[in-house]
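Naming follows writing order (A, B, C and D), and every chain is counted from residue 1.
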Amino acid sequence: MDEEKRAVESEFAEGDHSLWEDNPIVKKLREIFPEAIISISGLQPYPDELTIKVKKEQIVKVCQFLKDDPHLAFNYLSDLCGVDYPEREERFEIVYHLYSITKRHRLRLKVSVKDGEPLPSVIGVWQTANWHEREAYDLLGIPFEGHPDLRRILLPEDWEGHPLRKEYPLMGYNSDTKPD
Amino acid sequence: MVLETKELLLNMGPQHPSTHGVLRLLLYLEGETIVNSDPIIGYLHRGIEKLAEAKTYTQFIPITDRLDYIAAFPNNLAYVQTVEKLMSLEVPLRAQYIRVILTELNRIASHLVWLGTHAMDIGAITVFLYCFREREIILDLFEMVSGARMTVNFFRFGGVAADLPAEFYPKVKEFLDTFPAKIADYEALLTQNRIWLARTKNVAVISAEDGINWGLSGPNLRGSGIKWDIRKANPYAVYNKLDFEIPTGQMGDVYDRYMVRMEEMRQSTRIVHQALAQMPDGEIKGKVPKIIKPPAGEAYSCIESPKGELGFYIVSDGSEKPYRVKIRAPSFVNLEALPLMLKGGLIADVIAAIGSIDIVLGEVDR
Amino acid sequence: MHQIFFWGFALLAVFSALMVITRRNVVHSALFLISTFFWVAAIYILLEAELLAAIQILVYAGAIMVLIVFTILLIHVEETKIINPWQRQRPIAILLGVFLLGEIFLILSRALFPESIAGTALQQVAQEGNTEAVGKLLYTKYLFPFEVASILLLAAMIGAIVMAKREIEK
Amino acid sequence: MVLVKIIIILGVILLVVAYLTYLERKVIAHLQVRIGPMRVGWHGLLQPIADGLKLLVKEDIIPEKADKWVFILSPIICLVPAFVVYAVIPFSQHFYLANINIGILYIISISALGVYGIVLAGWSSNSKYALLGGFRSAAQMISYEIFLGFSIIGPLMLAGSLNTLKIVEAQSGVWFIIYQPLAFALYLIAGIAETNRIPFDLPEAETELVAGFHTEYSGMKFAFFFLAEYANMMVVSSMAVILFLGGWKGPFLPGIVWFAIKVGAFLFLFIWLRGTLPRYRYDQLMRIGWKIMFPLCLLNIALTGIIYYLFL
């Protein structure tokens, strides 16, 4: 566990900023939202792995800007999901995969929230976020603020717990069956 | 006396002949006109993403077969490709070509299932049987290659499980030579048919702008006129060496989506032809460590599956098991836009619309 | 033989008619009304008025009642079941009933139908058959009332469409 | 004597209807490069009987919330008119049950009653799919009955009679299909719609309304609806043969054989269409009916009247 924890922490908290600083997307964002960016990372040498972590209060603003700016034009939200890091203080990381159909480039946005802490919804920016956010709420229990219809999507209404949290047992809480 | 009209709530599914699996749709009707609708999913939820965290990287390959179970090769490819990106693995050229051949054949098979069921939903039963006749040949080819017809579990990190058998080549050539005539057969039954036109033109329309906003991908978005295909836009495997067209529609109605997929089948035939001609000799598997242990990090990689953008987001903590796997399933996102397409339509349009967005519930629910 | 059939049909018709007004379920009432029409048509056949019988079934049982049933089905039957069939309309209904009965009695006893019409009609039927006789009478002697009735029905139809039509906001 | 005839006709019709289902399955199968039923008897020839037996012994389910009596009555209401109309159909010059003056009117008025079976089945099942199916068929059948009625007025004017025998006799020289091609086309469309067949099979559109009005039916009651549909197909075909194709008339072969051949051709057409065409949508069906077929029917009647008055 310790080894795991260290590995995860090192990748996401530290990250190698310098390699990405020349990227035009990073430059633009640094210029417009100098205080919103927490960190910049991403797997090299893939330009579509650019990852920017931002402050959660700013997420909707940043998203709206990324979508509206004619040079960035991130008009397409590919995916939105949550990742659980139980050992961190801000336990959940919500990952937005943006894509620009006109410019053909990708960007990964990230924010972190504590357990139970509401995150502003980005439905206003991309309609498609609706079901993705419901899924994140369903499987991880992340509440989204301003979501018009936040209810479980994959699991039944009366389901207990959020399966993708790390402490959730693989076979569920009330299962009689044992894993092989 | 004032007569009040009441909204009728119709529960379509989860057991219904044309919801293509276990999709449940709540339809709020006024007469037969749809005022609102709410897709309810999750009946096939198997917790695949949770399962991934408990399996090793290799153990998860067969599980990807069960996502979009009528197009298993693309699922394999998307997953394998993401792990390869994470580990910076080289894939030999021959393996790349084998991957392309099989995924394109699978695209044809998937589109044939779509066409057959879609046409049957609208009442043309014969097309269904014609389509399954051709799909049978493709499944036989898959069996020849992988030993399985549907859950193929064939791609490996850094390559493929085995080389194509010698008897594969004549069979696939024969199929490719006869298939365009078969497409013409389907089209003869549908494309110019007045009833087909009446049922599909201007039905379940979605504009390009809405399509992007709601995250549509694949043929559904191309039907609305957006010329975006990941094979061309961000080429993976060896697609940049192959020559093919991206068909698009204009209106974004059921008919355009139909025409796009019909043309895609022809283009896939072309691609397989070229790939077979260009395929070099050589290794089918690159240098891969015995134990798959990607360095800590994260990667997202997507392909153009028959349904649209199929992406895998994998977070690795450096161990043998993935820390988190998120599957960006095209059907899940495409289904989300269904209520938008249905609004103001009739009950009969519901099945035309469901058929036209080509969802597979295994992928929607995961 | 004739007599037995007549009484059988007549009793069935009256029985059905009674069931129409006593059933609480509107759909059942409608079903019995159809059966009433059917038995009345049977009596027409006994009177050798086949055309009338066929028209009776075609128009009343086959068309008008279908529309009535159609309308009834659109209403929630559970709600209509609660309504008491014996309502305040009773006095008016009795009044109208008595009036109608008196009318029928008058017609039958004084034989208000002129002999001559009945006579010629019967002759024509014998000569050229039922259908032709009805057709000829309708288009010669009764042309004016026939056309007036058509216009009336047309007006009613247009009125119904105008009333039922409502703007559907997009 | 009449009773014997009734029994013969009913028996034959039942058998033919049963084998019509077999024919349909075989023809469709061959259209779809399959072979169809092969297991029961030689080339599956006993399949309809096996099917009948299966339906007979199957559990008969009545939904708890259904209106029991109406639910039971509906299949009967549906089936009886479909068989009663055969009383006036002349299978050959001498083989018929009744020769009445208003033959065609009789067929139309009796078959008009069949719609109750469908509407009430839809209502009494207490299921939304069945109800929607019932509504659709009510609207469809009422409308298309009108077009059916109007489309045959042309031939009736030419024959100058409603009597089925006289109509056939009037076609001794030329079949009415030559004089009345438009009426024939209209009749055919209306007939297909009236029998709820593809492309007008909306009341039971499987893929939308599950099975439409008979979703909740099983066993023999379901079989009744099934039989009624096929019996109606035969009625519509027989009427077409009588009104447009000269009934039993034809060279060499005996009348009844000619009649069977002509009816068979129609039935094949019905099946062929099912193997080829998709299904119309409800509003499209209504639009075709009222905005295209109805004016054409009226036009045909007017033209027939004018030509008849001027030239004949």
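We adopt the following convention: contacts are C-beta pairs under 8 Å (C-beta built on N, C-alpha and C of every residue); 3 or more make two chains touch, one makes a residue touch a chain.
Since this is a predicted model, take the numbers as computed values, not measurements.
Distances between chain centres, each the mean of the C-alpha atoms, put A farthest from subunit C. Chain centres defined as mean CA positions place B nearest to the mean of all protein CA atoms. Centroid to centroid, with C-alpha atoms defining each point, subunit C and subunit D lie 28 Å apart.
Note on chain placement: the centre of subunit B and the centre of subunit D lie 43 Å apart, centres being C-alpha means.
Subunit C has its Cα centroid 73 Å from the Cα centroid of subunit A. Put simply, the C-alpha centre of subunit B and that of subunit C have 61 angstrom between them. Note for the complex: subunit D touches subunit C at residues 67, 69-70, 73, 100-102, 105-106, 108-110, 112-113, 115-116, 119-120, 122-124, 131, 134-135, 138-139, 142, 145, 162.
Chain contact summary for the complex, subunit B toward subunit A: residues 41-42, 45, 47, 49-51, 54, 85-86, 210, 212-215, 226, 228, 233-234, 296-300, 302, 309, 311, 313, 315, 317-319, 323-324, 326, 328, 332-333, 336-337, 365-366. By the touch rule above, subunit A contacts subunit B in their complex via residues 3-4, 7-8, 10-11, 43, 46, 48-49, 51, 75-79, 81, 83-84, 95, 97, 101, 104, 106, 108, 126-128, 130-132, 139, 152-156, 163-164, 168, 170, 179. Residues 25, 27-28, 31, 34, 50-51, 54-55, 57-58, 61-63, 66-67, 69-70, 73, 129-131 of subunit C are the ones touching subunit D in the complex. Residues 28, 31-34, 128-129, 132, 198-199, 201-202, 205-210, 274-284 of subunit D touch subunit B in their complex.
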